[in-house]
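The two complexes that follow have chain A in common; it is paired with chain B in the first and with chain C in the second.
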Partner chain A sequence: MTKNQYVVFSLGEEEYGINILAVSEINRLKEIEITKVPKAPEYIEGIINLRGDVVPVVNLRKKFNIGMKDLDKETRIIVVKINFQNVGILVDKVGHVAVFEEHELSAPPEEIVIDSNYIAGVGKKDEGMVFLLDIDKVLGGKIS
Partner chain B sequence: MDKFNIDEVYYSMFLEETQEQIEKIEQDLLLLENGQGDKETINDIFRMAHSIKGASATMGFEDMERLSHSLENLLSKIRDMKININVDIINTFFKGIDKLKYIHSCLSKGEDYVLDINELIEEINSLTENSTKTIKNEIELNGNGMEDEENNCKDIENLDIELSDYENELCEDIDLRFNIYKIVIIMNEDTVMKSVKAFLIVNNLLGIGDVISTDPLNFEKICDEDFKNPFKIVIATEKSYEEIYKNINSISEIKRIFIKKVRKSKKQGSTPKNVKIISSKDNFKRKDISTIRIDVNKIDKLLNLVGEFIIHKENLIQIGDELKRKYKTDPLVKKLVSILPNINYIGTELQETVMSARMLPLDSVFNRFPRMVRNLAQKSNKDIDFIIEGKETEIDRGIIEELVDPLTHIIRNAVDHGIETKEERRRKNKEERARIILSARHEENNVVIEIEDNGKGISIEDIKKKIIEKNLAEEEELQALSEKEIIQYIFEPGFSTAKEITDISGRGVGLDVVKENIGKLSGIVEVKSQKEKGTKFIIKLPLTLAIIQALLIKEGNYIFAIPISSIIETIRVKENEIKEKIHRIGDLEVFDWRNQAITVISIAKYFEIEEEMENKKLFVIVVGHSEKRFAFIVNRLLGEQEIVIKSMGAFIGKDKLLGNIKGISGVSILGDGTFAHIVDIASIIRG
Partner chain C sequence: MRSKKRLNLMTKLMACFLILIILPVSVVGVYSYENAKNALKTEAEKTLNMQLNGIVNNIELQMEKVEELGSVLSKLPDVIKYSNEIESGNVTQETLRLTEEILKRFQKSISKIGEDIFIANKEGVVILDASNGLGTGVDLYKRQYFKESISGKNHWSEVIFSKQSNKPVTVYSLPLKASNGDIVGVIGIVIKFENIAKFVKNVKVGDTGYAYMINKEGVTIQHPNNEKILEENLLQTDNKDLKEQVKNMIKGEKGHGFYTYEGIYKLNMYGPVGNYWAVAVNIPVKDYMKAAVDIRNKTLIISIAGILLGILAAYFISKQITMPIKDLMKLMGKAEKGDLTVEANIKNKDEIGDLANSFNNMIKGQKNAITKVFETARQLDNSSQQTSSVSEEMASSAQNQSELLQELTNTMNEMSRSIGEVAQSATEMAHNSGDINNSIKDLEKAINEVSKSTEDTTGNIVDITGAIKQMNTSIETVAHSSNNASVEAVKTVEIAEKGKKAVTNTINEMDKINEGMKNLTEVIKGLGGAAVQIGDIVEVIDDIAEQTNLLSLNASIEAARAGEHGKGFAVVAGAIGALAEKSSEATKDIAFLIRKIQQQVDNAVNTTNEGAKQVDNGVNLVKNTGKALDEIFQAINITTNLIQEIASSTEEQTTASKLIMEAIEKINDLSIQVSAAIQQQIASIGTVALNVERLNDLSQEVASAAEQQAAASQELLATTESINEMTKEVSAGSEETAATAEDLASQSNNLIEVVGKFKIE
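Up next, the complex of A and B:
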């Protein structure tokens, strides 16, 4: 049931999930150097060289307006594929893969820190809530 | 034959061939209209219409068949001189071709189409039947008399049914107990896919004997147009005339068969032990370069890989140099250093080969314009000779696709605004028939495309008026400018001197877009004009977009690459010279370059990079953009290098992830895996 599997990662105190089907790979920062792009929007961390492919990296903290945090050894770049284009998203750390069945999902609550448009649903587990992201919307549908 | 699916092969062959035929008809029609066509041109069109008819009938495309049939009827009347060609006929013919094109494009996309061709067919038929009608605007043919049918018959009698020397040689090795026959087969002229027919014939004959040779030799590869009718075969067999005749005649669409026994068998009664095929070897006769069609994506993938390879190659060579310095005497290092030049050489060759595989002749773009010019000229009652030169010039396919719009725009402009009406030209004592020349040629590492007309030229006064009207500049400013500089304003956004909006141009898309598009291709566009003499647009493009020579510079933590093709000069300015060379005038800084004051642009400031001012000296890079010169100020030069361009087009632009970033046209991956941003000079200059 890959359909209901989510890669769970954290930004600050909250946990978020991306459908595993959208994820192509997860990279550590020590293996990859991020090059800044002059005059790019603030939430663009830069571009990376993914085996010859130029992939822009979005800093999700900046995109969601959650306070800044220095990059550390747990920082990861999750590469997702949208419209045949790879895009990286920078997150604090990647946890595990979780399965959420339909009945474990609920609509996003109204009082959440980030734009509720970005949330496709909320997965509930014993340990807490995971906000499942609509990654197309997060990246603004702004990719050709 | 059962090894591959005939239907599929037929279908794709059908599509390919009809497309070529339709295109050829279109070109021939234009020739006819210009009076350059002759009897042979008409025959040509006739043949092609005929074979389209045949092919579409075979494939069961009724509309196509009916349409080409009626066109063919019209043509046969023309051919027999019962109707003279005039503009009406050509126009109707073009309409028919358009419909055929439309059907063809739908078929190739596998789409259904809705099209009513009855009206058009009636129109064509009425032209055909109306053969006595008096005709206006007659177009003359450089006719050189009647030929055909009669001649054809003679040809058949003169058929060469003896063995050629080459064939004789082949026959010497054949066992004497076989008869050797030479067979000459004439297929119906309208046979579609003659090569397939030929294949069937040969295949059938292999059942009764050995095929020694065929003429044409590699008939499988020959397309219909080039297929030499008759098709000749030399066969060694024990069978009789009748059996051979029956064997061949079982195949349809064969007009006539001639068989001659050229050598009698010496021993009778023995049977061949086994049937050996003596293949028709490719020999010196073969002239064509064999080609295959490849998916463009594969070439692109290959190019990407080569790009990667080159990056790593540069890296490897660097490491080799370092090793050599460190461990001079180590035999392994010596070995490594000795093979590195080979790697380097292969890399360069690979790159060039792949690049050349991406090159296409410009004719695919150029060929669409004669028709456009013709239509526009007719609409605006102008008489124009449209001349194309150098359409075989090759350029990267990535560039070709982007050229259509800018060229269309410039040529439209030339027809609509450049060329005067017939009356006007008469008044001006100019030749009534105007001329537009579209030409292309290689010049060093560039392709130069020119569009030249002999129309009224660009009026400097009109431009000045417009500039002031549109508030693009003040009158006093204009006083100081040369005509050359004033004319550049036609490339400004929002500039259009067209007096009225016509159907043809003035759609709100101006020459600024042309300039921007050409700029995106790292090209430049210039204009030269002389009042009443004409206007000439000159477009200079790089041969390829994928790999360029660039100067790498460093500002803060960023590495930028400036295309060498735009750099005119690099000047080092020492700390104590800065004041005397760079002057401040209000907000503007200018650099004194060979007694010419040119605008200064600081790369660091432009990209909002914080400078560490430890470096007191600086470099001025003089870059050229059309007629203008600019001084880019940079802090560090890293050197010149070949770079592979990676587009970021998918992410840059309004509403895209990286936003509408200005000043960067792409990136390149350097030897150590980091990026250099490729500077987009055109957009930096625009500010």
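Up next, the complex of A and C:
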């Protein structure tokens, strides 16, 4: 059951999903201040203090190269656990936790703008399609 | 014009006459011709009929006589005896002789008409006759009459040529009967046809009418033209009409008709006579129509004569009328040119004569008038000449006088130079009087001007009077309308005051509104503030909802992580998420509503602000109105005052104009008086002139008075002077007279010239 639960968030018009087991928690920006890190890669937004823990925040938009958007009160930070490390990703909106049945999942099509490595599959819901991300691949390797 | 008149009148008259003559004459002629024709035809027919009947009667009479004779003869006892003997075949000599005697006797008795009497036996042979046996032995068997009589009939034969005399005869045959009634023979009485024919022959109808007879073959048996007898067969004629009638005659019909025979148109009447004959009597139509033709010819002659007479009459009458008219026109022409000696010599005793007389009278009258004028002109000429000569004499005598006086004066001058001085001063006075004369003339002129200007003034006065009357009427109109205006003004004042009150009320109301508006704005603003507060609260709620949502998400994550154990927790997390969503929705709605309210509040505030502005505007307008009304009020007051002033001044004007009218009337009177005075003056200018003369005399008297101081010579000088003066007067008078005479002469010359154009003798 937990295998098919995804946290659905949006970047622009598209919806993406991350496996719920990968997600630690979701926070909003109101109480959190992102501290800029000089000389950090561009897609690194900054770092935050999460109950004493220093967590880097990745701007997924920059990572995916899909244009910039201002931060508003909808913006969320999804804290994910990769290699026993917490990384936060900045997203426009967090929707809900979605449960996909088997028949609602499929392989990603070949023609996609973003590197297909990132996308593990596509989930189909009545409201639309959700790109299911392999978060390891998205954030893997480049974080130090 | 001349020939036209003649032709017209003549033609008219001629036409009239012609119609008057031709019409009745021709009508009468035609009528009488027709009547005559018919009457004559009837007459002719009657005559023919009579003749025809006469002929027939005569012939038949003749025939009857012969028949009687025959009958008597046949019944004679001797004859019967003879016939008995013939029957028995034994005729005695005695009987024969006796019978012959009888025959002879009878023959003698009819010797004029009869040729022979014979007896023939049954075989047709003549056995006895009255001409001593001349005819005996003749075979008559084939003869028609024999055949008839031998069968017992009395019969008149056809016309035949007698063998004895070779003349035409007709035989009357009758059966000779014995006493037993048997027919033994035939008695024949030979009648000379001429005895019958004579009745036809002797007939004469009209001038060339005759009778003729034809037999059953159509052969002419009697005709005035002997050559035709037994030669001409009328049936053979080509003439249809004749042939027709001949056929009828042969048939034994009686009738009449017309035909042309040998070129003569005839009326023919015919009838049968005897067994075999027909008699016809005819008369050439021309014969009996002679009378009608006569009438026709006479009528024609009369009408032609009448026409000619008519033409002549017309000609003469018209001539009679037009000739004097032409004469008169000629004379009128002459008179027109001035010859008044013309006289019309027309002796007609009709309207033309009257016209001529009137013309003559007119000319005479004119001649007399012109003669009188001529005489008067001549007299005028004479008298003007006389006047001329008289004035010349006057002038010359005056001249003489003057000369004499001059001598006297010269001698006088020596005597008193002082007289001369006085005379000089008198002359001066004379000059002065001359000046006075001039000034009199000037005065005359001035008086004329005054007269003229008086007239002008009168005219002007009339104009002024008219104008003043107009002015009066207009003043009255003004007074009237100013009264009206005053009344209206009062009304307007009342209305203005009402208006003022209304304005004040309006302003008060508007202030109240303003107050109300302000209050309203405050209230609304309060609303706005409340809404903002609500908004703040809603934000908090929203925040809470967000956090809740996040919480639910995190909870579901933890639940997922917990796996099986976290299922319950996952449900709870889901419920919390749902709740958070609802809150979020609710807050969104509230936020939306709050925004709406805020918008409305803003609108309301704006509106009230606008309203406040409007109210201000309104207040301003009303205030302006109030001001305007005040101004109106003032203006009305002023106007009312003005009107009253006008009213009072019109009264003054009316009185003033009345005064003016009176003054003008006075002026009018005055000018009339002036006019009258002027007239008097003009009249008296002459008197003045005389008076000037008198003044002159007076100056003379003055001079003479000065002279009187000196001596009798001064008196004389004065007298001389006066004589001189008189001479001058005479001279002047004679000059005037001469001038008048000249004028007169020229006038009389003109007159004589004019009159001279007329010839009066």
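As a working rule, the second predicted complex is superposed on the first by the 140 of 144 C-alpha atoms of A that agree within 3 Å, B and C clash if a C-alpha of one lies under 4 Å from a C-alpha of the other, contacts with A are read in each partner's own complex, and residues count from 1 in each chain.
As a convention for this text, a residue touches a chain if its C-beta (ideal position, glycine included) is under 8 Å from a C-beta of that chain, and two chains touch if they have at least 3 such contacts.
On a predicted model such as this, the values are computed, not experimentally measured, just so you know.
Asks: Are chain B and chain C a fit on chain A, or do they clash, once the structures share the same frame?
Replies: Partners fit side by side after overlay.
Asks: Could you figure out whether chain B or chain C reaches more residues of chain A?
Replies: With both complexes superposed on chain A, more residues of chain A are touched by B.
Asks: Now for A:N59: first (chain B), second (chain C), both, or neither, which partner does it touch?
Replies: In the superposed model, A:N59 contacts neither chain B nor chain C.
Asks: With both complexes superposed on chain A, which partner does A:V7 reach: first (chain B), second (chain C), both or neither?
Replies: Touch status of A:V7: second partner only.
Asks: Should A:P38 be classified as contacting the first partner (chain B), the second (chain C), both, or neither?
Replies: So A:P38 only meets chain B here.
Asks: What angle, rounded to a multiple of 10°, is defined by the Cα centres of chain B, chain A and chain C, with the middle one as vertex?
Replies: 160
Asks: Return first, second, both or neither, reflecting whether A:V87 touches chain B, chain C, both chains, or no partner chain.
Replies: After superposing on A, A:V87 lies in contact with chain B but is clear of chain C.
Asks: Between chain B and chain C, once the two complexes are placed on the common chain, what is the minimum CA to CA distance in Å?
Replies: 21
Asks: Give the list of chain C residues in touch with chain A in this complex.
Replies: 543, 546-547, 550, 553-554, 556-557, 560-561, 563, 577
Asks: Flag every residue of chain B that touches chain A in the complex, lowest number first.
Replies: Touching chain A from chain B are residues 304, 307-308, 557-558, 607-609, 646, 648, 650-651, 653, 655-659, 661-664, 667, 669, 673-675, 677.
Asks: State the interface residues of chain A toward chain B in the complex, per the touch definition above.
Replies: 33, 35-41, 44, 47, 49, 52, 54, 56, 58, 85, 87, 139-140, 142-144
Asks: Provide the residue numbers of chain A that touch chain C in the complex, in ascending order.
Replies: 2, 5, 7, 20-21, 23-28, 30, 73, 76, 94, 96-97
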